[in-house]
Amino acid sequence: MMAELLTTTALPIMLVGAMVGIASSAVGTFLVLRGNSMLSDAISHSIVFGIVIVWLLTKQQSGPVQLIGAALTGLLTVLLTEALASTKRVKQDTAIGLVFPALFSIGVLLLNIYANDVHIDTHTVLLGEIGFVWLDTVDIFGLPIPQALVSMSVMTVLNYAFIGLFYKELKLATFDPALAKTFGFMPSILFYVLLMLTSSTAVAAFDAVGAVLFIAFAIVPASAAYLLTDRLWMMFIIGALISIASSISGYYLAVYLNVSIGGMMAVMTGVFLMLAFLAGPRYGVITQRVKRQRARQAPVEPPPSV
Amino acid sequence: MVWLELLSDYTFQNVVIGASLLGLISGPLGCFAVLRRQSLLGDAISHAALPGICLSFIITGSRDIGGIIMGSLITGSAAALIMLMLTRLSRLKTDAALGACLSIFFAVGIVLLTYIQSTNNASQGGLEAFLFGQAAATLRSDLWVMGSITLVTLLLLAVFWKQAKLVTFDAEYARTLGMPITVIEASLTAMVALAVVVGLQMVGVILMAAMIVAPAAAARQWSRHLGGMLTIAAGVGIVSGVSGATISTLSRGLATGPLIVLTATAIVLISLALAPGRGLLWGVIKHYRQKSALQKQQLLYALYKHSADPSCAPSTLGSRRMLNKLKQQGYLTRSPRGATPSDDGWGLTAQGQAEARRVIAAFEELAS
Amino acid sequence: MATSDLTDTALSIKNLTVSYHNQPVLWDIDLDIPAGVMAGIVGPNGAGKSTLIKSLLGLVPSLSGEVMVHGRPYATQRKRVGYVPQRSSVDWDFPTTALDVVTMGLYGRLGWLKRPGRKERHEAQEALEMVGMSAMAERQISQLSGGQQQRVFLARALVQQADVYFLDEPMAGVDATTERAIIDILRRLRDAGKTLIVVHHDLQTVRTYFDWLLLLNVRVIASGKAEEVFKIDHLRQAYGGQIALLNDNESLMFSASKVK
């Protein structure tokens, strides 16, 4: 019965979608708070370089060796970006815009040269195809589990373990890196590890949703959560909930309209962001306007006499 | 020359002209984006162009470049506007707003793309090529459209040069002069969107960010005037475009977009290293010269200050080297060890004392 | 932590030189600050005051120099040093409460991996009490005024129970009430034997607030007891140009803070 559940298309797809969101929004939360959201963009593109190199060396398209290769590529991307920015001749955002296209280009060219006939298809890497996750399964306890689900679960566990273990260190390093440094918490190292986890999550997510949609899952639920709560730990919960909701609603809408499932899931995260932006109970634009209206209409109390 | 032979080929001509137009428009407009700290806006706009391209195809049923440009411009500008709205009206910061708009618009584009694919329309084949560019598929008619847009954009820039320059440098001040800041800033953003949209054909969605950023970054290293920067950026853009196109054609199989981007990046790196005054190589040389000058001054100062108090002994390895060097230059003497148990034996010569006094005087100057 | 070493030098700097872009920002700083004083660091803009604190704490690299806190190298004494940075150094939109910010001050003591528990919350609550902010404990920090934010930062340093505190322009941009409150707390700390080292921006209040003074402009112009350092020729040297001391600088606003 379990086997049937797992191979009937709906459940594994929605599970993978939800996992992509949960794993990505976890690391994405810190990226958003640090103001480094675009690093997820940079990493998800430059990883193509890493994927090609790993594939050339090991002939493996997925699995743990790709996760490690991705982590290293992500680290390389960030180190190159920082090196460029530290010359003071280019600003940080310019540095990002220089490094990742260069790495991406090298990756594509390597593909052109070495792998023209093979199925590392940049198309799939960029766009993914979550609808086919149930095709590529791994046997665990006799059940055919989609490969993508395994990788995403591993990344979810790794990400949350890291965040859970170093919660207060990450919080302080994000909020006040100078103080964190005086406490000996090495904010830079923490940040690099976070980015390596982000990169591995990205490559694990490629199978399912592809590079650019990964960015959506990393940044958008976390951004929506940022607009909805004033507690850091709540941001993780809200991020996860939005991921699950987007996954389910995205799947059914995509099936109904016969369009890309991954794309639709990402679009739904955008819908939730819009809802949070407009109608969020604390910071929503419309909510605040309504509050101001009510405040204007209420009678003004004179200040207490001194 | 091989290149001249190539030029007689019709397709190659198109590619070269297209690449040149790309450089001509993205170079100068990229300068404005980079100077306004909006380097990644080009990235966002280019990703946001995808839904526009799909929409135009759905509506017109063909991949006519006029429709493509229109569609990309509309959705690209919409993305830029929504990004602005998100940052202005909520506590979301620019980077998160950029990332959100970029990815969500692109996601909408993917959805539309799969919709088109499901309707099995035969002429939709070229759409995916917008991801990576399809330089070789450029039609002569496309070039006319791209060329006119480039011309109009550059003309606008020339006419409203003063305003563009001032608003980029100091928007607040420009406002006090009565300039309509919002209109100017919006127009500049729209022009960046135009540049992106024109270049999509050549390098594709993913790499367009680099063509906005790289020529400007390279040009910045060589020029101190905005006008000069724009000109050099255009030049870098054109050179990258043509080189990339040439290598691609000669190699038969290497994608054009990546080659153009790598050429541009290489030019940036060379510029960073070599540009006179700002170049890193000069910086490194200057740094070492200044460091040893500083060390020399510090040692002289320390010895002078402690000449009355001989119990201090500078004895790190670095200073030992410098101490010997100073002795060679005649500023120090070395007396035999054992004058006092804790004394390392270094002393200032008359020349050394004079030099030390000069150093101190120079710093009195500096600090006052 | 023997009590005997509290009578010694709280901070000893030797030969500190910091450069930025090949320009000297701090040149050959030699300084000894005794324990149990309220020390002020003043000087014109760009004099290197913030840089001094940041390089002491290892936040900015230096070309040379040795820093000792209570006779031992700074790196071994982190736990005895408290830091109150400028308010602009953090993003106040961060999703957290005032109490939580104060609790972060205890992270150093907790070290890696240990979580803050009830004991820590209690200490943080007490520190907020000391700065008069206990009512705001659960408030989101973006809703605090400038003065309240400064007090939260101060509470965060207090909770560390350090022996030496570095404060970077704590009175900049706060209202008079908050300024009085901050000075009161600092004085109480000083009277308990702690050393306060404060980068201060306002020459007007220097004589009222500080017993010990460093006049800085890239180099040490003068350092020592406040009344000896705060003299017109030293000031002229530091600030250049025309500067005059108006003898009636005890303006009305500060008369209430003269707790003598």
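Every chain is named by a letter (A, B and C) in the order it is written, and numbering of its residues begins at 1.
The rule we apply is simple: a contact is a pair of C-beta atoms (placed from the backbone, for glycine too) under 8 Å apart; a residue touches a chain by one contact, two chains touch by 3 or more.
Heads up on the chains, UniProt names are A, B = Metal ABC transporter permease.
All figures in this text were calculated on a predicted structure; none of them were measured in a lab.
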(request) Touching both chain A and chain B: give me those chains, sorted by label. (result) C
(request) Out of every possible chain pairing, name the one holding the most C-beta contact pairs. (result) A-B
(request) Averaged over CA atoms, how far is the centre of chain A from the centre of chain B? Could you give it in whole Å? (result) 26
(request) Averaging only over C-alpha atoms, locate the centres of chain B and chain C and give their separation in whole Å. (result) 40
(request) Could you check chain A for residues that touch two or more other chains and list them? (result) 35, 226
(request) Two or more other chains in contact with one residue: find those residues in chain B. (result) 91
(request) Quick one: which bits of chain A touch chain C in the complex? Just the residue numbers, please. (result) 33, 35, 165-169, 171-172, 174-176, 178-185, 226, 229-232, 234-235
(message) Residue numbers of chain C touching chain B in their complex, please.
(response) 15, 17, 19, 22, 24, 27-28, 63-64, 93, 142, 217-219, 221, 237, 240
(request) Using the touch definition up top, name the residues of chain B that touch chain C in the complex. (result) 91, 286-287, 290-291, 294, 298, 301-302, 363, 366-368
(message) Give the list of chain B residues in touch with chain A in this complex.
(response) 34, 37-40, 42-43, 47, 86, 89-93, 95-100, 102-104, 106-115, 118, 128, 131-132, 206-207, 209-210, 212-214, 216-217, 220-221, 253-255, 257-259, 261-262, 265, 268, 272, 278, 280, 283
(message) Looking at the complex, which residues from chain A come into contact with chain B?
(response) 32, 35-38, 40-41, 45, 84, 87, 89-91, 93-94, 96-98, 100-102, 104-106, 108-109, 112-113, 116, 122-123, 126-127, 212-213, 215-216, 218-220, 222-223, 226-227, 254, 257-260, 262-264, 266-267, 269-270, 273, 277, 283, 285
